[in-house]
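Multiple structures follow.
Heads up, the next two complexes both have subunit A, just with different partners, subunit B and then subunit C.
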Partner chain A sequence: MRVLNIILNGKAVTAREGQTILELAQENGVFIPTLCHSPALEPAAMCRLCTVQVIEGGRAKFVTACNFPLRRDAEIRTDSPEVRHGRKLIIELLMARCPSSPELQRLAVEYEADLTRFSSLNDDCVVCGLCTRACEAVTGKTLSLAGRGTAIHVSTAFAKISDFCIGCGACVQICPVQKISMEDVDGERHILLHGKIVSQVKLPRCKSCGKYFGPVIDLEKVMDRMGEHLIPPPNADTCPECSRHNLAVKLGKRYFEQYGVFREEGQADAG
Partner chain B sequence: MSGTACVCQEIECREIEIDYNQLDKIIRDDYGGNKETMIMMMQAIQRVYRFLPEAALKYLSQVIDVPLTKIYEVATFYASFSLEPKGKHILTICTGTACHLRGSGGMVRHIAERMGIEPGKTTQDLKLTLETVNCVGACAVAPVAVMDEKYYPKATIATLNDFMDRLDAE
Partner chain C sequence: MIEATQTALTPSEVTKIMSTEALAEYRQKLQAQYDPNAPMIYVCCGTGCQAAGSVDVVEKFREILVGSAWDGKVVPMIKPTGCHGFCSRGPLVIIEPQDIFYQRVTVNDVQEIVEKTVLNNELIKRLQYKSAGAKESITKASEIPYYAKQTRLVLKNIGRVNPTEIGDSIIRNGYAALAKALTQMTPQQVIDEVSSSKLRGRGGAGFPTGLKWESCAKQEGLRYVICNADEGDPGAFMDRSLLEGDPHSVLEGMAICAYAVGSHRGYMYVRAEYPLAVKTLTTAIRQAEALGLLGKNIMGTGFDFEVTISTGAGAFICGESSALMASLEGKVGRPRPKYIRSVEKGFRDSPSNLNNVETYANIPSIIANGGNWYKSYGTERSSGTKVFALTGNVFNIGLVEVPMGISLMEIVFGIGGGVPNKRALKGVQTGGPSGGCIPIPHKIPDINVGYGKLAEVGSIMGSGGMIVMDEDTCMVEVARYFVNFLVEESCGQCTPCREGLTRMKEILDRITQGDGREGDIELLEEIGKFTNNFSLCGLGTSAANPVLSTIRYFREEYEAHIRDKKCPAGVCKKLFHYEIDPDICTGCGLCKSKCPVKAISGEKKKVHVIDQSLCMKCMECYKNCKFRSVKIM
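Up next, the complex of A and B:
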């Protein structure tokens, strides 16, 4: 692999070919603010906060650090006055859209953003696309971005309650502004987008204790991958707590039958 | 005007008859049933129904194994796709800079008033959809009106009135 010589904020460092600027910066302890980045997902360059200046072959340009792969020797400035100026505008625009994000509020103070410049939308969604990318990574069947330009928003198909959601909660967990929530009501898991129900997933009821649990995420597919096609997944109708309990009782019973006595762990095998 | 078709906003009302044999022909025979040609399939479906019916997209999603939500994303991204029923005739008025200066704004307002619809909307009887476009690239002959894909240079309110009279006579 080719090694590139990069000047990162005035310091000479080496980078691997194809590495993104954000990865290089993180390796070298340089902080670049991001909202839409997750190391587990493909970069989408939605929030534009990570914009940095790259000087390649004497030409300077602004690129998003999260998805710009390094191919040539270059100089990178992540915190120059030009970069800070551009980033301030991005923060002002994002703050107008989503004033309640603590991360944005912190950045607004740091970059001295003018919060009166753009009229506030109070939408509270930064349209980072993390939820849609997380959904795509899990099943890809429920959330996607709809519309374009200023009308872009997160939506289910036809803005209806989705038939395909498995209730895994990946979107809830990854949302940086907590605009997606999840609640279990009467044996159903509800996913709420901006307070509106977008999916209702039936939860299985434990046959041991009678409590709702789950959801049972695509266990059939897991069995398929294990080469056990069409074999019903074991213990799918028992909650994890009861499963553990039942297994412990079963093993304990067998042990008792074999040795006639329970022994404390570490005790010598006296016979 | 005799309006029988229902264009109210209730989803139930928008249900229309879908010919699945015809859909199959479009998806499998004409485009090979591969997800790579999804957009062309959607265009072909739109040519049949003049919009993209939800049931047709659901079927498409199953046949080419693309999540419905992805198809919805594409359908809402491109302005040429419509999820609302469109009129039998489509009148597009250019509101680009040159056309605007030569009075296309007045033409849009006139048609909107005469037909009782906002730009981008369709009349109750599904006869006409009024659209605006930012530039058709014919600024030298501004203002430009496009009626059913035929371009009319140096259009006037009189030109448009002729269309509307013909429409009313239909």
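Up next, the complex of A and C:
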């Protein structure tokens, strides 16, 4: 692998060929703000918050740090006045849509955003595409970006309650503005986009403790993948907690049979 | 579409052409059957002329001519052709060998044309073309300034070949350049020839074509040759005209490219709104394959190249290279956030060479005549010719092909015939929706049209849109119009373009509504520079051009809207009113009779007045006053 000589904010550092600017910056303790990036997912470079200036072969240009692969020696400015100014505008524009996001509020302070310049559009979504990419990585089909221009939005196919959702909650976890939520109600898991139910997944009831637990489809998928080789096979009618407990009891019994010190205990709390 | 029945040889009658010599022989055979002195009637059947009824005109000619007694005379041939580019005068008919030009021909004129002109060489005055203000009409097509002042290299076959008849193309040396490349040149020599021509991409960015081919040829493995026929710029139709009028030049150019870069698979991504182009292309590909000029083992050389047509997803953004490739793959047509060129990793992650229709259509002549020949047209940095779609406030609306470096004033006045209605020229907008306005002749006297010069004045070549604007054009409204278009067409995935354009539109809306605020101009400039630097794809990085260029040259017009609440051009309805200048008004009464809401009063020969409470600013009085006494206030 070729080693590249990079001037990062005036400091000489080395980089591996193909490494992104964001990775290099993180290795060198330089913070670049990101909104649509997750190291677990393919970069989409949609928010543009991570934009920096690169001077390669004498030509300066603006590129996004999260997906720009370093291929030759270059100078990088991650915090120039031009860069900071652009980020300030991105924050101002997004704050007009999502004023309640703590992440954006924090950035607004750091970049001295003027929040009076753009009237509120109260849309709630910053269109970072993290949920759709996370979903794609898990099931591939439930959430996607639909529409064009300002009408672009996260949606299930034809805005109908989705049949593909496995209720994994990855979208809920990853949303940077907390606009996707999850509720388990009466044996069903609901995923809510801006408060509106977009999927309903049936939850199984644990035969040991009676609690509803992880969605059935999820387990079926796992069993599909693991096949018959997994011993013991995952138990679709016992919750993970009880499964763990039951296994411990079994092992404990064996231990007692060998060493004679096992205290029988009741089942896991059915709370 | 009209099926060809007139030309002697259709591909089904000949066997495959299995060598380049066989192509030459076939061409000679076709040429021998062609009598240059025989009467030939060319009828434009481009989309514009078809809409105006040209198909019926062709049918009528056939009805009269085919099967009639000709007393020993040669039976005239009828040739439906592709778009001549002079659509505003259509349907067009040209009669050879005399080169007689008739415009706005209807079915009812056909009988007379045959009897008088074709049989007796007699001209029909009412169908002839007259230059603006001229008394004498012009007989020959080649003498009409609109045509005479053009240099038609890439459009050379259009209007002269029947696009559904491959023999027409072959007579005019179609596929001869491909034959030359395949048998007399190495792929590298082909690339060198294209590089030496200094041809730059005609799709917008102006990237050197030879260089692109060179990088694609260097890649390993399966490669694709793709033609961008998405032509999304509103008002541009040069690509459509080429596809409908001379499809074989485009296909031949693609095949030459495939040979040069080492590809065997080609795709044409054609805009869905171009059904005639798709149909013509389908026929053209079928005929070329039947003759062995495309497909497997082309002309017996062992070289294979297959072309597939794919229709676009109907979005402007699908013309952007990475969005186009995503769309070709059946995915959503959104630009990809990759810092990798498609010549390295494009369609299906394979190296892909994407060029525009016009770029490919230039290739056969370059290979046939050499890069030096091509370079002899145009300028050092912008070689060859470019087709522009001339439109707006200009007499002659249509396609014009001119050498690069030509004066913009010459295009507007020499070819375009100037600005109608005695209005003054205010500027010319070039480059499509993300282009800029050039303030000729007042603020910039003239420019030589080329990639560098256009960029210098804040505009772009784009795909060749050219809108002439007269003094009644409001530049703020122009900017608002284009930004509005781009907001709708933005894919919406990146923040600067989606949000920035929305805000620019919001600000321009309020300025044109009379609610502009101090600081709005500066805010537009700030957002514009930001979207140009921070957006993901070419749409966003050029979207602010119409705003920035109009601010640069017409700042005072923005200021008038914001500070004085006035629209000096009289376009933004809330920001002006009409008044009749009592010193000029002769009391002729024309305005009074034209006003649809009876807002004008006044006795004959006395000064007239407009009742502002009734006036709806429809412009009728303003447009019609012979003395220009109606003033914008």
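What we mean here is this: the second predicted complex is superposed on the first by the 231 of 271 C-alpha atoms of A that agree within 3 Å, B and C clash if a C-alpha of one lies under 4 Å from a C-alpha of the other, contacts with A are read in each partner's own complex, and residues count from 1 in each chain.
Methods note: a contact is a pair of C-beta atoms (placed from the backbone, for glycine too) under 8 Å apart; a residue touches a chain by one contact, two chains touch by 3 or more.
Just so it is clear, the model here is predicted, and its values are computed rather than measured.
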item	value
First, second, both or neither for A:140, with subunit B first and subunit C second	first
Most subunit A residues touched (candidates subunit B, subunit C)	C
Touching partner for A:156 - first (subunit B), second (subunit C), both, neither	first
Touching partner for A:164 - first (subunit B), second (subunit C), both, neither	first
Partner chain(s) touched by A:7 [first = subunit B, second = subunit C, both, neither]	neither
Subunit B versus subunit C as contact partner of A:192, first or second or both or neither	neither
Touched partner set for A:148, first subunit B, second subunit C, both or neither	both
Residues of subunit A that lie at the interface with subunit B and also at the interface with subunit C	145, 147-148
Subunit C residues within the subunit A interface of the complex	315, 317, 332, 334, 337-340, 487-496, 498-503, 506, 523, 526-527, 530, 533-536
Residues of subunit B defined as touching subunit A within the complex	11, 54, 67-73, 76-77, 83
Footprint of subunit B on subunit A - complex, ascending	139-148, 155-158, 160, 162, 164
Subunit A to subunit C touching residues, read off their complex	43-49, 51, 62-64, 67-69, 82, 85-86, 89-90, 93-94, 96-97, 117-119, 126-127, 129, 145, 147-152
